[in-house]
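All chains are identified by letter, namely A, B, C, D, E and F, in their written order; residue positions are counted from 1 within each chain.
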Amino acid sequence: MPTVVMVEYDQASSEVRAIYDEIMTVKGIDFVPNFWKTLASYPPLLEEVWRGLSRAMAPGRLDALTKEMVAVAVSATNGCTYCIRSHTAAARKLGMDDAMLGELMAVVGTFNRTNKLADGYQVPVDPQLLAATEGAAPGTRLGRRLRQNRLADRKAQRTPKTRARTPRRRS
Amino acid sequence: MPTVVMVEYDQASSEVRAIYDEIMTVKGIDFVPNFWKTLASYPPLLEEVWRGLSRAMAPGRLDALTKEMVAVAVSATNGCTYCIRSHTAAARKLGMDDAMLGELMAVVGTFNRTNKLADGYQVPVDPQLLAATEGAAPGTRLGRRLRQNRLADRKAQRTPKTRARTPRRRS
Amino acid sequence: MPTVVMVEYDQASSEVRAIYDEIMTVKGIDFVPNFWKTLASYPPLLEEVWRGLSRAMAPGRLDALTKEMVAVAVSATNGCTYCIRSHTAAARKLGMDDAMLGELMAVVGTFNRTNKLADGYQVPVDPQLLAATEGAAPGTRLGRRLRQNRLADRKAQRTPKTRARTPRRRS
Amino acid sequence: MPTVVMVEYDQASSEVRAIYDEIMTVKGIDFVPNFWKTLASYPPLLEEVWRGLSRAMAPGRLDALTKEMVAVAVSATNGCTYCIRSHTAAARKLGMDDAMLGELMAVVGTFNRTNKLADGYQVPVDPQLLAATEGAAPGTRLGRRLRQNRLADRKAQRTPKTRARTPRRRS
Amino acid sequence: MPTVVMVEYDQASSEVRAIYDEIMTVKGIDFVPNFWKTLASYPPLLEEVWRGLSRAMAPGRLDALTKEMVAVAVSATNGCTYCIRSHTAAARKLGMDDAMLGELMAVVGTFNRTNKLADGYQVPVDPQLLAATEGAAPGTRLGRRLRQNRLADRKAQRTPKTRARTPRRRS
Amino acid sequence: MPTVVMVEYDQASSEVRAIYDEIMTVKGIDFVPNFWKTLASYPPLLEEVWRGLSRAMAPGRLDALTKEMVAVAVSATNGCTYCIRSHTAAARKLGMDDAMLGELMAVVGTFNRTNKLADGYQVPVDPQLLAATEGAAPGTRLGRRLRQNRLADRKAQRTPKTRARTPRRRS
């Protein structure tokens, strides 16, 4: 049992019940998972965490299965039993079979190993990797190209409204 | 600088140089990253880690970009600077733009939050989640179906050779 | 530099600038921290994380300084340089002196030690601790009293509206 | 059961029993928790850890409840079941109700999320945050003021005894 | 620079200076490391941490080099730069060469991988492993033998003084 | 139960059974641990992880018991129940008694504490520690001597074959 009294559906306030209904609908399940019944012991936390999670997990540029597998990878790295079970179940439902889980675990295992080796030996980042990943690295070709592309994309998306007001911030 | 002397290409043994060549070819880069030059201070580690990593990252049921994004997710969860830079660079090269990285980070952030909440409140795993994720959960419909499917798959793959010898293990 | 191009105030969309303004106002600072300029590379993440953080940090039953010190404790446990600097600065501003930081670090150090000892020796939870922390532990006096108190509190808060619709969930 | 034989009170040496007695008195409980009965399998560890913990948890500039809540925050971040139960129980006893625990968990969740985002995007520390947190940052107003205040405090506390002997260390 | 003003030797109180002297003597170095000059901003923390560390690192059943290598292993797993540098330096001084560091890192890497796989797949502990590690597992041969040996050792060490007073604790 | 169906010995393919046999022989046990029966759900992972682990654990410059104790230290730091049990059992078998485990845990606890203090206070690495641990630090005596020794060792080990081919890499 958790360290608070879980809020069962029929004991919940109407606000909490509305979130429970949404959870069951979005996840396509017919029960309220213990995680949410636990957070409901402090309703603002239930609302905040559910809003954040449902936005983050909505399919976008990454599809739902990829997102569930990243959730499994993060939860395995943190060793969180509840979350591993929960997101393995979700990924299974979306089609992850044993071989896909095996490949995922191979990647998770590999980088938990190399992460500790890179830190353990205190390996410095190569200038080439910095150039390829720093948005503003000015002196390298790849960095410059990446930066230009991204600034161009951003300009294209920005609303063309006039910016009359004076910015307050100082860098 | 790392805590050992990195092995530069022209100081390396021919065995190490062969691995360096393979690394540059497989990754499509024209330099040997510091990580591998560091591991080469103990050649068996270089060989073992490179073999493992290259096998794990070869495209299979998961594509190369998905694997690199999982590598970023694990490295961000562990806070490993070198690995974050290295795999962000690799994912960028395979097409990850700012929105994809943003979605990835939203998922990474979400589950680092919920992992700690599930642990912090000591939420017990729901029987439904156990049933959906336990290979052998005998009394549930979903568990039973999943198990049967997987056993069927496995049987299909197994070589039909006779198993004459007595198993030694005891469960 | 981060792995994306940070969004400066005068390059930001009006939506992003509105969040930047709110951040500077709420935090009482005259610059936009790099963290938020980085998240703005993917505006939905900026919005989601700022909303969540500002709600969580608003003084409530815990005061602002206690919350900032918990933020330092979590960030030290995770080893996050940016966050340690950021929340140490905020806690300093709210009055944390060297002795308070010293006491905080003594607690952080102590429990990072005992956490690993409890896990390392695989210490089982005492029945008395379970009884004192499980919302529903039925057979213990402390558990029963805690549970009754909390259920009573909850009942008092619940809106007395009729619950006509049938609950869908099954425990 | 732990990976050693726990030392029960009536099997303990008189030194161990003296510590057990102190633990029960300080904590106001009538049993010796498993954690301490486990450490007693190696008495120097029992003594060292109990001394450290009891000093760190003694009310000082931070009160007992704040310290217990920081203990819960650290233990949740590390995912240590024993410690979460133990310190949730202690904080409950000192008055933490569900709303306070909810606020605490909201903060713990928030910073486990932002810690990973700051690392995942490799956000550099702002010069303003460095200035506000570095004891010796010479060129900034806030840094200079903080530094002067703290040096003044320290001078006031220092014993005015003559320092005749030559220091050995070199910075 | 750290988030406090470090206490230099000639600005330190005589109590702090006595600890600094002891640190330099025990470690055989001619400077006070930044870690200790930082903790001295809150002298009780300096004293407590130095006492604990010097006791834990004193050669006993494990020799000094083994202890320093375990310190490197823990610090690499946690990704703590300062501690990795500090204990790699100490282990080097005690004779650790590149091959020994390589073997150590191979072990560290291996178990950071398998730890996450065991958690990621939620592998249950084998009854045989429980029997071999649980001090009190009554029904297994190995458990029983281990337990008897350890109880015998303990009895041999216990002082034979009469235990007249009634124990207060209840299990 | 794990999140996959474990592969029992008599259901395993001949390749998997060959690895099972090798595991039991190398470890000197008469059962296949659940960890390996779980990895066998994706045979390439079983093979890769077993190969890596058996190489890393083979006695070399560090003996088998030291390696098992490092495994316990890493697993305790990560809080992995399965691995703690597994490697405590292995270390027990190789002679680790309660006092040795106690000393090991004292070291593990100490550095989990100091790691978080060093990070929490953002302690900068001393120039002396850098010099003593950086393979190539050119201006310091210790660094220079260490570097020369290591380069000399390396030269001695290198095969004297001609290096005719042009290196491809650029630093």
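In this section, a contact is a pair of C-beta atoms (placed from the backbone, for glycine too) under 8 Å apart; a residue touches a chain by one contact, two chains touch by 3 or more.
Keep in mind it's a predicted model, so treat the numbers as computed, not measured.
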item: If a chain touches chain E and chain F alike, it appears here; value: A, B, C, D
item: Chain pair showing more contacts of the two, A-C and C-E; value: A-C
item: Distance-maximising chain from chain B - centres being C-alpha averages; value: D
item: Averaged-CA centre spacing for the pair chain E and chain A, given as whole angstrom; value: 35
item: Whole-Å gap between the CA centroids of chain C and chain D; value: 18
item: Chain E, residues touching no fewer than two other chains; value: 1-5, 31, 41, 44-45, 48-49, 52, 55-56, 75, 77-81, 84-85, 88, 98-99, 103, 105-106, 108-110, 112-117, 119, 121-122, 133, 150
item: Residue ranges of chain B in contact with chain D within the complex; value: 72, 75-77, 79, 81, 84-85, 105, 108-110, 112-117, 119-122
item: Of all residues in chain C, those that touch chain B in their complex; value: 3-5, 41-42, 44-45, 48-49, 78-80, 133
item: Chain F residues touching chain D - in the complex, by the definition given at the top; value: 79, 84-85, 88, 98-99, 101-103, 105-106, 109, 122
item: Chain C residues touching chain A - in the complex, by the definition given at the top; value: 1-11, 13-14, 17, 20-21, 24, 30-32, 41, 44, 48, 52, 55-56, 133-137, 147, 150-151, 154, 157-159, 161, 163, 167-171
item: Contact set on chain A toward chain B in their complex; value: 1-4, 29, 31, 33-35, 38-39, 45, 49, 52-53, 55-57, 60-62, 66-67, 69-71, 73-75, 77-78, 80-83, 85-89, 92-93, 97-100, 103-104, 106-119, 121-126, 128-130, 132-133, 146, 150, 153
